[in-house]
Amino acid sequence: MLKFIGKRTVQNILVFIVFLTATFFLLQAQPGDITDQFLSNPKITPEVRQQFAERLGLTGTLWEQYVRYMKNFFTGNLGVSFSEYPKEVMDIIAERLPRTLALFLFATFLAFIVGFKSGKLLAWRRGKRGEHVITLTGVFFQTVFYPWFAVVMIWIFAFFLGWFPAGKFLTVDKWLTAERTFDANAVFDRMLLTVLAVAVLIIAAEIIGRRMNSRVAGRRFIWGTRVLTLIALVVWWEAVWPEMIPFALDIAYHLVLPTVTLSFVGFGGWMLLTRASMLETLREDYILTARAKGLPDKVVRDRHAARNALLPVTTSLVIGLAFLIGGGVVTETVFSWPGMGQTLLSAASQQDIPLTIGAFAFIAVLALIAHLVVDIMYMYLDPRIRVGG
Amino acid sequence: MTQPRKLWTWLAVIAVFALIAAACGQGTPTETTTSTTAAQSSTTTTEGSTATTAPPAAQGFTYKMGIFNDLTTDNYWAYIGPESEVWNGYVLGSQHPALFTLAYPNIIHVPDLATGAANTPEEQADGTWTVTQEIRKGYMWSDGTEVTANDLVFTYNVVKDFGLGGNWPSTFNLYVPETPDDPATTDVDESAPARDGVTNIEAVDDYTVKVTFSAQPGISMWQNGIGFAPFMPEQFWGPIVDEAKNSDDPAAALYAASGEGEPSAGGLIYAGREPGAFAKNVANQDAYYAGTTYTFYADGSFRQANADKGFDEVYYGDGTGDVTLEYTDGPYAKDVLYSIYGDQNAALLALKSGEIDFMLTPLGLQSGLKQEVLDSPDLSLIANGSNGFRYLAFNMRKSPMNIREFRRAVGCMIDKEFLQQLLQGAIIPAYSLVPAANTFWANPNTEQLCKGLSGQERFDTAMGMLKDAGFTWDVEPQYDADFASLVPGTGTGMKDPDGNPVPEMEILAPGAGYDPLRSTASIWIEQWAGQLGIPAKAVPTSFSVIVDKVFAEGEAAKDWDWYILGWGLGDPSFPDFHEAFFASWQDSAEGGFNTPGYSDPQVDEWAQDLLAATDVNTARDIVHKLDAKIVEDAPYVVLFQTPVLEAYRNTLIFPFTDTLDGLQNLSGLPTSVQMQQ
Amino acid sequence: MTTDLHQSTEEMLAESLWKVRLKLAWRSFRKGWASFVENRIGLLGLGIIALYGLMALAHPILLDTVWDPRVYDPIIGYDAPATIKTIVPDGQVTDPETQVSLLEARLINPILKVGETLEIREQPASPSRKHLLGTDPLGRDVLSQLMFSTRAAFLLGVVASLVTVFIATTVGSVSAFFGGLIDTFFMRLADLILLVPFLPLLIVLSALFQFGLLHLALMIGILGGFGGTAIILKSQALSISVKPFIDAARIAGGGKMHLIFRHIIPNVLPLSFLYMMFSVTDAISIEATLSFLGLLNIDMSWGIMIYQASVQGYLLSGTKYWWLLMPAGLSVTLLAGSFFLVGRAMDEIINPRLRKR
Amino acid sequence: MEHILEVNDLTMHYTVKEGEVMAVDDVSFALGRGEALGLVGESGCGKTSVAMSLIRLLADNAEIQKGSIVLDGVDLVPLVEEEMRTHRWADISMVFQGAMNAWNPVYKVGDQIWEAMQTHFPLMTESEARERIAELFRLVGLNPAMMDRYPHEFSGGMRQRAIIAMALSCNPKVIIADEPTTALDVIVQDQILKELKKIQQELGMSIIYISHDVAVIAEVSDRIGVMYAGKLVELGPTDEVFPRPRHPYAYLLLASTPSVKGPRRKLAPLEGEPPNLLHPPAGCRFHPRCPFATEVCATDEPPYTEVDEGHIVACWNWEQVPELGRLEA
């Protein structure tokens, strides 16, 4: 199991190196030197340009450039931003990454859960009334012109109904009036840490619980941990960061609309995929066995059919994730969510090449990590890989 | 087995609801503007009417404005340096004093720190020129320290020693000694002549500044150069500068420092920001000019008076006669909030709901929102001219663009009034380089080429010009009243006076995505040129590529034909941009700003005179001459400027709203705005 | 004599082989069509595509005949209902039909004064008999823009998908047939491309290079062709290359190229065609998204239409200026969705894995 | 002999676009307590359809048209799904063909067995269940520790043993073994069959074997039923049917199979394919392939004739059928 994870990690790192190499050659292939773009920019003096060139590794032979470029990347030296000179690209990314992570994680989670559940039900009631309508709905969400859809969502929920705020990630008045010693990123970081801790605890409990020989004890352990984790979460925030709770809730409230909107990107695809996968699974012999055993329909559907239908869905999760990341760029732009996607876009439109490449590399890292997580998840879901054999 | 899962689902659902409920609970609007004790009367002005004076008591409200991008820095060094984004300026622009400032809305050059009008520089025995200027006593930083001459010396030294870039060099106009060519390094002759400028700034005493120039300074170097240079608080920046000196890149280290906690001498004190969300200033009630009454008279004189500080000064006249505008500065607001919005739609919604009072945006309101504002009873809409222009430039290094009549013929065909109609007020036709709204400097007699002519008349005039210049066609174009045949028009085989065929030309213009106005103009210009048989083709090109091409140096300067871009003009109180854009030594092929490659000895001479001018009236004459000459020669065809539309809540009371570039240019008047009870 | 005979037999054989192939193709097409017709959702998609295809074809004809280009040209057409109004001081407008307040007049031209007249033009104008979908803020006919952009959408989609399929089919077949290092290289490359988020990559590319419609189509085609589609087509090619008739052809002395082009590729083509549909979907939405983000240098497209409405502040006007946002947004969705639906329907017919259902 | 299961006139049809498929047509038989009944026939003869009808796991388009399935006094046919569910596995369980795919790959084998027990005996504690599974494992010749393993860790034979253990787990009254050993290699096949038989005899179970493989059926069943095209064409004690089939189809089927036991005999090919049940031939459904067919066979359906006690056959010309091995090719 560890070997598998290790192998995948190494593979992903290799892929990243190849990716960086490709980026390097992309920069090389660009007409002229990237620093030429700033000939007319009064902000950038020739010395600064030279410095950029050096930091981006654009001096010396091609091989020297390449080596320096790679070294810089892996030491976190992504250069300085042109548009926010002399801020380090790394610092800008560090500021915006948590916001994107929050959006991305919640939206992925939501899209996957809802997409999977509805795909499951859709397959189960195949041939019944309403199936066409639901399929068309799924196709609609899969192919809808997303920016337009996001605008419509804002218009409906933020303008027309006024349920959710638009175009901010916090309520300014609330943050303004309060005496506080922390900034929004501190709250974001803690929220992410909490989610991560909860996820790790729950997953660990699951793994330990499944290893127990007694099923009942295992299940009790898993559920106990889940409940305890939730309690611990509340207690921890109350005890350690009580002053942040209202602010965290404020951010969470602002997260709702972009998250839901973004989740629609993944939702349709995953629903259709789950449906197809589930239909295939339902033809399997073990479904017949399960039914022959006299198991209730719901158990057959959820525990047997859906559980196995999950496997192919998980493998194609990666493609969905790439989609979702692309959707994230649009979401951040439309919702003015100051995260990586917005950074990438504004950097690209201002021709801030170091920041563009930096943001893009981080988005790619995000995709790679998501890929790795999916791999591990798949391994965990499929005992044939997990237990070897 | 299904039981626990259900429980889990419910728990999750409850948790989510709790979150939302809590957030909603906290999100319900609480009364944010507290009423105040200070009584106030409204002060508004319309043409000619006199405003009443309000007491200088703070009302204690929060003035909330929307901005559309995060600040990229909170460090004033960086703002004047590489981070000259307007968003930084809105927040950081009101904290640092200078010797002089501009009094709006009339754009009058008046003393700030200086005790009186600018002194005249005097020539010294060694050929240098010096000027001394006294500064006021009791002008305090918000930390209680007095602003002294040493602060300017400190600022000057940092700019010089660190080689600060951005707008610092043009503010201080540092003297650059001659660069001798070092033949060892390259084959290219790198020698450069010395550039005149400031050679030294010293403090004669705490309250006297002495500036030394290498040659006689013009207005742009003294009154509008050093005169506008900010005084940076040495007590705050000194240690940071010392630390930066020891780093590899002192300038970058200085720029990277945080400006939070920096004392202010202006009406606002920077009070921090929440990245991605908002920034904040608090009012500085102890500011020197807090509570000062400003009076503008019809004869052009200007009075600033403050009983508390014990001054009552009149400039440019004797301060009698009709008062056109009078108002008393605050700050009335207790603090100023700059809230970041992603787009104007969201900000307009916030404006309607009272979440913000005003939105700061350099280009003004988007036209689609105009009606929305007009329809809203809570909002007011104002429109002002902008300090800039969009233009069509020709590459005069190539034929036929080097032929004056050719350029004028194209210029004549361009029906700017039609474009104004087409774009429904999104543009204002412009004919002169200095915006007409800048009345003091604009030349009312600058030629308005073919203005008001009908299509047929334009065509005939333009054809006349071309024929006079010796252009011929295989098939001569005919005026097509119906305009039915689009490009390439009826004329074919156009030849220049030497008989060479006129080549296909490209009109580089930003695409519809970047700027629909310029894109639309380029498409129409293609049509109009086509009517004359001129094979020009509009090519939507990204902004940076156009800039790249047209500023390319050396032979590459010939790689483009026509392009459409715009200039935002700097200091409206001294428009000396003619030199930068049209002097022959500014040729972009050699790294300057003169993209057309325009070269005219007369213009060069005037340009030099302008830079050397020491009094405003002389300068104005020169600007008028330059403007007229250049417009007639048409290296640029000035196309249009854009009006700045702005919306604010009716609860706000501005002392004036008619001002070049709109209220955003004055950062929303944060220290003089008042709010109705 | 003998050689002649030999040759003619070969010719005959060759000809008849093509005839056989053609017949087979026709038969399988008819069979496929019969099953396709049964799939109502797929048929719906095909109907919508046909509708848009008609719109694209009709546009130049309309401009040549009934539509005056000065009014209906999608880029430089102009038409705005105009009324002459007299300027009166603010707050004294008694008859909005003939009078306009100074404030509003000055928004159009700041140098106007009370008493002067002003031509007020309605733009954007709401739908009317003359402009079925109204006009945009520049007074251009929205329907004409919509139809004009349809052509661009099809062009983009077709170029992108042809490039995708051409590359993917070649890469897939070659990888499957040769295996080994070539296979490894292309498959790892495909993995890499799959992993990199598409839209951010295109954003980066648009920052580095100048992007027009054709560049974009080629880019999407190349990325798609070397990406996921190659993997799918390779596995299809692989399942074909192990079939007995390939061995038979090999034993009969068929060269490698002969095998690939005469036997493997023709059998991969149906699936290729299927993936063409999906790549059209991708191409259309990507172009619209990039246009919406203002990253493309093109005059007119559905994405540009929405982008222009957005930068001019009509984005959140809701239902008030619906014709500026809805037609273009829906068109992107509908056309992309239709290709997807057709792809799905074809999937059920062509994809052997699903056929047995 | 007391009957645990009585099937009377069972008729089951599938509805497809082209019409009705008569998968099971008027099939009647009875199963005695502790008896092993074998159903044999080519693929597509309706054996599995019979099995699926018995446990009522039919596809959506299938319907039992008439007949009754009386299991220990309860007719299963009219039961609603929820009632039927409680009978499955508790009263009638199944050993599926294709042992690999009958296990859900993502759960441990023991858990999958326990799942069935938990459904039908909710009061059983976990330790009791584990004990029971261990016992079952030992019974079928598996190491009880294997219950905490996943299906893919089992070999084919082990999986099939575990399937048998699962089928036994709820003490069903009847077990249907549908091609229990088809996918296994011959040695394992034999082992498992012996094991099954042993268990059946030890526990006195009633079991229905279904296989296309005459040899398998002959080895394990007390009685044998031969199915052709949805019809039961011959039913009788194995001792009688096997050496002396009376129906031509049974005869040809046996003749085409090499006998493991008994005297060597000449093999005869069975030509043709079973008919399409959408449009079965009129009269005797076997007549197009039957070497003994007469005119009547093509028009009238043959009635059941009792050729011996407990040995019935549906053929007009059963008397024409020679002894095995006598037929000249």
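By letter and in written order, the chains are A, B, C and D; residue numbering begins at 1 in each of them.
Note that contacts are C-beta pairs under 8 Å (C-beta built on N, C-alpha and C of every residue); 3 or more make two chains touch, one makes a residue touch a chain.
For clarity, every value in this text was computed on a predicted model and none was experimentally measured.
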* Structure fact -> Centre-most chain by CA centroid is A
* Structure fact -> With centres defined as the mean of Cα atoms, the chain at greatest distance from chain A is chain D
* Which of A-D and A-B has more C-beta pairs touching across its chains -> A-B
* Structure fact -> Averaging C-alpha coordinates per chain, one finds the centres of chain A and chain D separated by a number of Å equal to 53
* Centre to centre, by mean C-alpha position, how many angstrom separate chain A and chain B? -> 41
* Structure fact -> CA centroids of chain A and chain C: separation to the nearest Å works out as 28
* Asked: Where the centres are mean C-alpha positions, what is the separation of chain B from chain C, in Å?
  -> 42
* Structure fact -> Residues of chain C that touch at least two other chains are 294-295, 310, 315-316
* What residues in chain A touch two or more of the other chains? -> 159, 299, 303, 333, 351
* Structure fact -> The chain D residues in contact with chain A across the complex are 55, 57, 60, 85-90, 93-94, 96, 98, 101-106, 111, 114-116, 119-120, 126, 148-150, 152-153, 166
* **Touching residues (chain side chain A, partner chain D) in the complex** => 127, 213-216, 284-286, 288-296, 299, 303-304, 307-308, 311, 381-384, 387, 389
* Across the complex, what residues on chain B touch chain C? -> 343-346, 348-349, 365-370, 372, 374, 381, 383-385, 420-425, 428, 482-484, 486, 511-514, 516, 519-520, 523-524, 527, 540-542, 545, 643, 645
* Using the touch definition up top, name the residues of chain A that touch chain C in the complex. => 15, 18-19, 22, 26-27, 30-31, 34, 132, 135-136, 139-140, 142-149, 151-152, 154-155, 159-160, 276, 279, 318-319, 322-323, 325-327, 329-330, 333, 341, 344-345, 347-349, 351, 353, 356-357, 360, 363-364, 367-368, 371
* Structure fact -> Counting only contacts in the complex, chain C reaches chain B at residues 68-70, 73, 75-76, 78, 80, 103-104, 106-110, 119, 121, 123, 137-139, 210, 291, 294-300, 304, 307-317, 321
